[in-house]
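Here come two complexes built around chain A, the first alongside chain B, the second alongside chain C.
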Partner chain A sequence: MPFNLPLAELEVGKHLYWKVGQLNLHGQVFLSSWIVIGALLALVVVGTRKMEREPRGVQNLLEFLWDYLRDLARDQIGEKAYRDWLPFIGTLFLFIFVSNWGGALIPWKLIHLPSGELGAPTADINTTIALALLVSLAYFYAGLSRKGLRYFEYYVEPTPIMLPFKIVEDFTKPLSLSFRLFGNILADELVVAVLAFLVPLVVPLPAMFLGLFTSAIQALIFATLAAYYIGEAVHEEQH
Partner chain B sequence: MDSITSAASVLAAGLAVGLGAIGPGIGQGTAAGGAVEGIARQPEAEGKIRGTLLLSLAFMEALTIYGLVVSLVLLFANPFAG
Partner chain C sequence: MHSWLMLAEAAAPKGGLFDLDATLPLMAVQVVLLTFILNALFFQPVGKAVEEREGFISSSRAQAKEKIAQAERLEVELKAQLLEARKQSQALIQEAEVEVDRLFRDALALAQADANATKEKSRVQVEAQKAEAFAGIDIQATKLGAVIVDRLLAA
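Our next item is the complex of A and B:
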């Protein structure tokens, strides 16, 4: 991209490559995900170090988050199985949420890289596809471990005509999960970058707030859908 | 990239977003209309309706975003560039 912006360069498809054997890794995604993971770990460690009966400050925030995620998982997965999957759903939600907001709020431009630039890890298709494939593995594992081979009955219920559709669904689930997240986050960054290129002051602010809002919703949607797929897999038919 | 390929790619990128915005636009309008009707009938359910509406709007918006992903691939990572 030929744009040269003061705050962020508008670059799609430029990366900081790290060579590991035959592989080309996108280094900037690793760096920003490590920062996100580090921030989350630090928050949790600080919040749980001196726990009190009456939560204050960070502990209060963490307990609020835990309640919120527990309700989300319980609504989608059901009372019986949600405890096993709450850590997975919670990790997905927090990682995606903090990545999305971190990509918009942290001034990455201050950290100079030889090529490419730091940004939300979820604005890279590889991150979102990895997360979506994890969800696929998770719901297969959930179904198989809970029901054994009877899990595959789900494919022929209510009629065997549904079989091809259900098989196609297994492929479209990760595809739509990953593209939805990737497209939304990249679109937010592009809209803000284009507006900042046209009018550098004030005008991009509403778009940035809209971006923050949609990124939060996208994190919620990803977590909700992951929980819904797992819930679908462990759901017992009432005969 | 030869000129025909680039012209077709730019045109296709525009069409992918433009045509992809029609359906979700109609759908979002219907959904928002239904939500307004629901709030008018039952103002005390506003919070619940708003939450559901925002979630479903985001699902519909995802359809346009798929078009956007296709057009971004055509513009920035064109597989036919050769």
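Our next item is the complex of A and C:
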């Protein structure tokens, strides 16, 4: 490797391991997720410190976000149940969005780790599977708490032939959710990294912009699908 | 998927793209905590603010509508009052005109009667004087006739 630039190294699948007892943790994922969560909380705290009837400054942004997320949740879940799930859907969207954009916009390379590298927390399969499993739990809980055991009627509607497909869906939903997000974000980071490795100037820029676009879209897709699954679970059939 | 199962037993993990470990459940716990924190710090207060504003706007609108309705009611009422007042004044004017007309006629009739009476009195006076004068003339004419006759007879 003739040019060993510090900004253009590729490290895939290397992690900063933290050991807690018998458990292994990916330290870099937690570090970057804490930064992301910190930024999110700082924004929220600053924006809600002084709520006014005529919104100013950050409160405007937060109300815009709230409105956007409320519309998303209401469209997918429906008027009756969306209030219970708005915080969950909204948190998913905000966490994934800020993670994705943080991974693309923050110059993580300036912080050197003993092993692995910092990046979007969502570029780690553990994070995305965790989020996807939370969505699965959420829609099961939503369906069961709203309809009780009648929730399982959903598996045989409109005909019992659907039963095996619906059962398979319960496994494919988290799988597709997690791998879609993981794949997109990791691929974006890799494309940018490879381009930056080959041509450090200007050329990676379009890929970076595309990456920002993809990041936003992936956050929207994840949140929308999560809301849709919950909506499907709480939906009452019109008999 | 195969590799991480083996790695779980190995002393030092080798890593890899699909290296699943305790990061997963801890991240899930972290996201659930974040959900509760954001619910308390973001979704509840902002939702409250937005809904309070919506309530304020709709109640203000309702109040404004009520005020408009009240104003319209008052307008109608005032217009009716105005119309009534106009009618009353019209009637008053008419009444006054009739009264003036009557007074005028009365005065005219009185004056005419007065004038007639005065004229009649004058006429009677003139007649009397005329009769008196005629009587005077008769006497003088008789006297004159007698004088003429005397003179003629005397001659």
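Here, the second predicted complex is superposed on the first by the 233 of 239 C-alpha atoms of A that agree within 3 Å, B and C clash if a C-alpha of one lies under 4 Å from a C-alpha of the other, contacts with A are read in each partner's own complex, and residues count from 1 in each chain.
By our rule, a residue touches a chain if its C-beta (ideal position, glycine included) is under 8 Å from a C-beta of that chain, and two chains touch if they have at least 3 such contacts.
Predicted, not measured: the structure shown is a model, and the values here were computed from it.
Asks: Kindly classify A:Glu63 by the partners it touches after superposition: chain B alone (first), chain C alone (second), both, or neither?
Replies: After superposing on A, A:Glu63 lies in contact with chain C but is clear of chain B.
Asks: Go through the superposed model and pick first if A:Leu40 touches only chain B, second if only chain C, both, or neither.
Replies: second
Asks: Just checking: does A:Asn184 make contact with chain B only, chain C only, both, or neither of them? Give me first, second, both or neither.
Replies: After superposition on chain A, A:Asn184 lies in contact with chain B alone.
Asks: Once chain A of both complexes is superposed, is A:Thr214 in touch with chain B (first), chain C (second), both, or neither?
Replies: Touch partner of A:Thr214: chain B, not chain C.
Asks: Between chain B (first) and chain C (second), which, if any, makes contact with A:Ser136: first, second, both or neither?
Replies: So A:Ser136 meets neither chain B nor chain C here.
Asks: Figure out whether A:Thr224 sits in contact with chain B (first) or chain C (second), or with both, or with neither.
Replies: Touch status of A:Thr224: first partner only.
Asks: One more residue to check, A:Pro87. First (chain B), second (chain C), both or neither?
Replies: Touch partner of A:Pro87: chain C, not chain B.
Asks: Quick one: name whichever of chain B and chain C touches more residues of chain A.
Replies: C
Asks: Can you give me the overlap between the chain B contact set and the chain C contact set on chain A?
Replies: Residues common to the chain A contacts of chain C and of chain B are 12-13, 186, listed in rising order.
Asks: Spell out the part of chain A that touches chain C in their complex, as residue ranges.
Replies: Residue positions touching the partner: 12-15, 17, 20, 23-26, 29-30, 33, 37, 40-41, 44-45, 47-48, 51, 53, 55, 59, 62-63, 66-67, 70, 86-88, 90-92, 94-95, 116, 121, 124-127, 129-131, 133-134, 186.
Asks: Under the stated contact criterion, what part of chain C meets chain A in this complex?
Replies: Interface residues on chain C, with respect to chain A: 13, 15-28, 30-32, 34-39, 41-43, 45-47, 49-50, 52-53, 56.
Asks: What residues on chain A touch chain B, complex-wise?
Replies: 1, 12-13, 176, 179-180, 182-184, 186-187, 214, 217-218, 220-221, 224
Asks: In their shared complex, at which residues does chain B touch chain A?
Replies: 54-55, 58-59, 61-62, 65-66, 68-69, 72, 75-77
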